[in-house]
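The first chain written gets the first letter, and so on, giving A, B, C and D; residue counts start at 1 in each chain.
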Amino acid sequence: MSSESSGGIILFTLPLIPHFSFIKPTRGKMKALLINCTLKKTPETSNTQALINKAVKILQKENVETEVLRLVDYDIKPGTSTNEGDGDEWPLILEKIKTCDIFIIGTPVWVGRLASTAQRIIERLDAIFHEEGFTNEENGQYFTYNKVAGCLVTGNEDGAHSCVAHVLWAMQEFGFTIPPNVNAYWVNKAGPGKSYIEAGGERYLYTDKTLYNTIYNLIFFANLLKQNPITTNLTKLAEMAKQESDSG
Amino acid sequence: MSSESSGGIILFTLPLIPHFSFIKPTRGKMKALLINCTLKKTPETSNTQALINKAVKILQKENVETEVLRLVDYDIKPGTSTNEGDGDEWPLILEKIKTCDIFIIGTPVWVGRLASTAQRIIERLDAIFHEEGFTNEENGQYFTYNKVAGCLVTGNEDGAHSCVAHVLWAMQEFGFTIPPNVNAYWVNKAGPGKSYIEAGGERYLYTDKTLYNTIYNLIFFANLLKQNPITTNLTKLAEMAKQESDSG
Amino acid sequence: MSSESSGGIILFTLPLIPHFSFIKPTRGKMKALLINCTLKKTPETSNTQALINKAVKILQKENVETEVLRLVDYDIKPGTSTNEGDGDEWPLILEKIKTCDIFIIGTPVWVGRLASTAQRIIERLDAIFHEEGFTNEENGQYFTYNKVAGCLVTGNEDGAHSCVAHVLWAMQEFGFTIPPNVNAYWVNKAGPGKSYIEAGGERYLYTDKTLYNTIYNLIFFANLLKQNPITTNLTKLAEMAKQESDSG
Amino acid sequence: MSSESSGGIILFTLPLIPHFSFIKPTRGKMKALLINCTLKKTPETSNTQALINKAVKILQKENVETEVLRLVDYDIKPGTSTNEGDGDEWPLILEKIKTCDIFIIGTPVWVGRLASTAQRIIERLDAIFHEEGFTNEENGQYFTYNKVAGCLVTGNEDGAHSCVAHVLWAMQEFGFTIPPNVNAYWVNKAGPGKSYIEAGGERYLYTDKTLYNTIYNLIFFANLLKQNPITTNLTKLAEMAKQESDSG
């Protein structure tokens, strides 16, 4: 972990050393935003929060600045625009997404699917596709390019994989990069049963292992993209496509 | 790696210039594998093939070596192991996946979901999780690390997004990296109707634009990972997780 | 508006005759509840409303009492209980569901999935599984038994089938009966484009045909179940299951 | 046609007695077809088979004629027609579906989704929509009208709900009726772990309870529809729709 060569930048400040030697130093402190899509307001106990807390601990150990919030603590109006007015607090959240490097959606499973709150985030981000101001004028990239996304899920019963699939797909569609193995989940056996905290899920090996993989892969890619921003020029590609296509 | 033909540009050595200046030179020729999951054997007309052919053209323009195959032309046994015996031709396909840098699954939509053939690829890749020989001994990474994956879909009717979500999620689970905007699809309006080729979909602007984005983002990330392999040490992380977990 | 004999009953009042002779007379006027899960409050233009309006017209022609509401016009708190307090208006909606015979969820597609509002209905109905008062004391049936459910979807782009699958599955899980062919949808071709109303979808044959099938199959089954309530005794079956099972 | 004792009621002809008094007598013996979509050929141990076997036991107790088969024991070609030739054995399976009253698809979960074999059944049934001979000439109903469908799922890990949702949705689309609570599943906790048989799932209360509900609701509705066939006239409805629609 040296500091002289071209890529060579000291992570954090001396004498801090990253926890794992395989984490490359980055050019500046990274920020992670973790949104908890639990249906329960602070300070109610949230199982998803417990999993998110474990993620935060790992992120902080690697000196990543973290911010965690529960979506239901905010007044997020239904809609697909940036600001639905009438006290809509989505602009606050959107600003946080814009300034993070690592975006993690944590969601409970309800009736086999991701929470309505997680879907609301996705709906509000749809503004990327139909409003101005979300794309780089030079290369047409969405503001999400060079950011990475992952997903955490808890439930007392089946459904986590379908939550992850929808979240990661949507994030990829919005322009986030999806590193390998960036989801961790915990659910109990079939049917009603104990939830994550009550069942001792916080010490469940499989979930812990995949959580570690998730966080370290997110950090690696966030670093990598900070040092090597995506160069794809979507504006030029669109021109190219137009030459071979009929309108519409 | 020649330089005469129509698309013909040498990618790396001077004074060669890549087709788009935002494509970075890489350390060796890249390979893309595109599997067509159509239910129709060669040489039957396949709409998904038509979209894949467009992808190949772009890949070749950027000097990426491409291989395309239809899964139904091979005898791929049901199962989740590497070799199901009895003439199973999956080992041939698996070898191609092992040596590619860019992996693209093209699938038709049937009754709102990806083809059974696409799901069969996913089932066979499940061996990664329960057989030996798929992980790097030093760092525990699957052989898929540093490879990128994307998805192409055609259908005459609704269902493409759910195909993409399942494919990309599964690929991420298997260890592939999912760059931003790496899917392109074409479907017609609600209900039965003309398919991609017959409807002139090959000149449909939206599909063409997203196809260009898909291919160039895949190439960018394949290059990036060739030059900066993922350093995450899954073996060490597993040890870490074990310290904080109960067995099971 | 009733009649005496057990089987032999006149539908509506004379001289009314059901529009189609294949609709059987029922023992009393049926009620249909249609919830529009659009993200737009009344009186904003909602494409899903336009499709729902067509459904209402058919229902009324067959003398079914209909009620239509937009979920976003109400203050429906996040949660999974019957009453989340603090002005929660879910109890009003739940009461309407309890007294309807035919329940239709209409939802737009956003980023390939059903609206957050539709998922919120599903989350709130989850109370059926963990609160008292939702099951018949004698036979253990949920209050939803003998009610039928269907689904309508509009979107400008791909995703309707996955919305329908989730809605119908969840309704089946809650105890509704799902007759054959009880969904109708309209989406445009791949990518951004005109929505239902603007594109003239209200005169789109496929959607109209499937809408007719949806409504008449819902009416047939609602009638059938009114005259032949489900006799399955879930309480007795649970005892049976217990004899063959270990606890938990 | 009633009887006194708790269990004791005559089903069809003496001396048969249905197990539960809430099962109504039917006009003839009913047939149930259960297709096991395991990836393992007979006689390999299949967890899904173990769950199916329990279903069969209940069906037989109620005097329902049952037939069980594993799809992988047959040579089912990829495609969407009734007969793909070249030794295709789908016609044999289709014939069994045509003559059953109760259709149950049992599928394992692989990587969060239903098995490729289950999707293949769905693809082959798509012929209903584009081939002749599947609809009643008088009323335009598919041959599946008046048949009921349910779904059983086993997996060692998350994904059952999404399997059920896809299967039941597709069956509804093909014309089957979906009674309430007609799915039963067993999966273990998050991550790799023991499967149904090994984990003692055959004595797991939740799965057993839902299995009983599934089977008795299927029987009730199969009986109900035998005695009260669906009267919806799809041909007349299509004409109606045409009057209000533009072609296409």
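Here is the rule we go by: a residue touches a chain if its C-beta (ideal position, glycine included) is under 8 Å from a C-beta of that chain, and two chains touch if they have at least 3 such contacts.
Note that the coordinates shown come from a computational prediction; the quantities given were computed from them, not determined experimentally.
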item: Neighbouring chains shared between chain A and chain D, ordered by label; value: B, C
item: Between B-D and A-B, the pair with more C-beta contacts; value: A-B
item: Gap in Å, rounded to a whole number, between the CA centres of chain D and chain B; value: 34
item: Chain centre separation in whole Å, for chain B relative to chain A (CA means); value: 23
item: Numbers and ranges of chain C residues touching at least 2 other chains; value: 111-113, 161, 165-166, 169, 173, 192, 204-205, 248
item: Residues on chain C engaged by chain A in the complex (per definition of touch); value: 39-40, 72, 78-80, 110-117, 119-120, 122-123, 125-126, 129-130, 166, 169-170, 173, 192-193, 248
item: Chain C-touching residues of chain D, taken from the complex the two chains share; value: 20, 22-24, 139, 142, 144-145, 161, 164-166, 168-169, 172-183, 200, 203-205, 208-209, 211-213, 216-217, 220-221, 224, 228, 230-234, 236-238, 240-242, 244-248
item: Contacting residues of chain B [partner chain C, same complex]; value: 111-113, 158-162, 165, 185-192, 204-207, 210
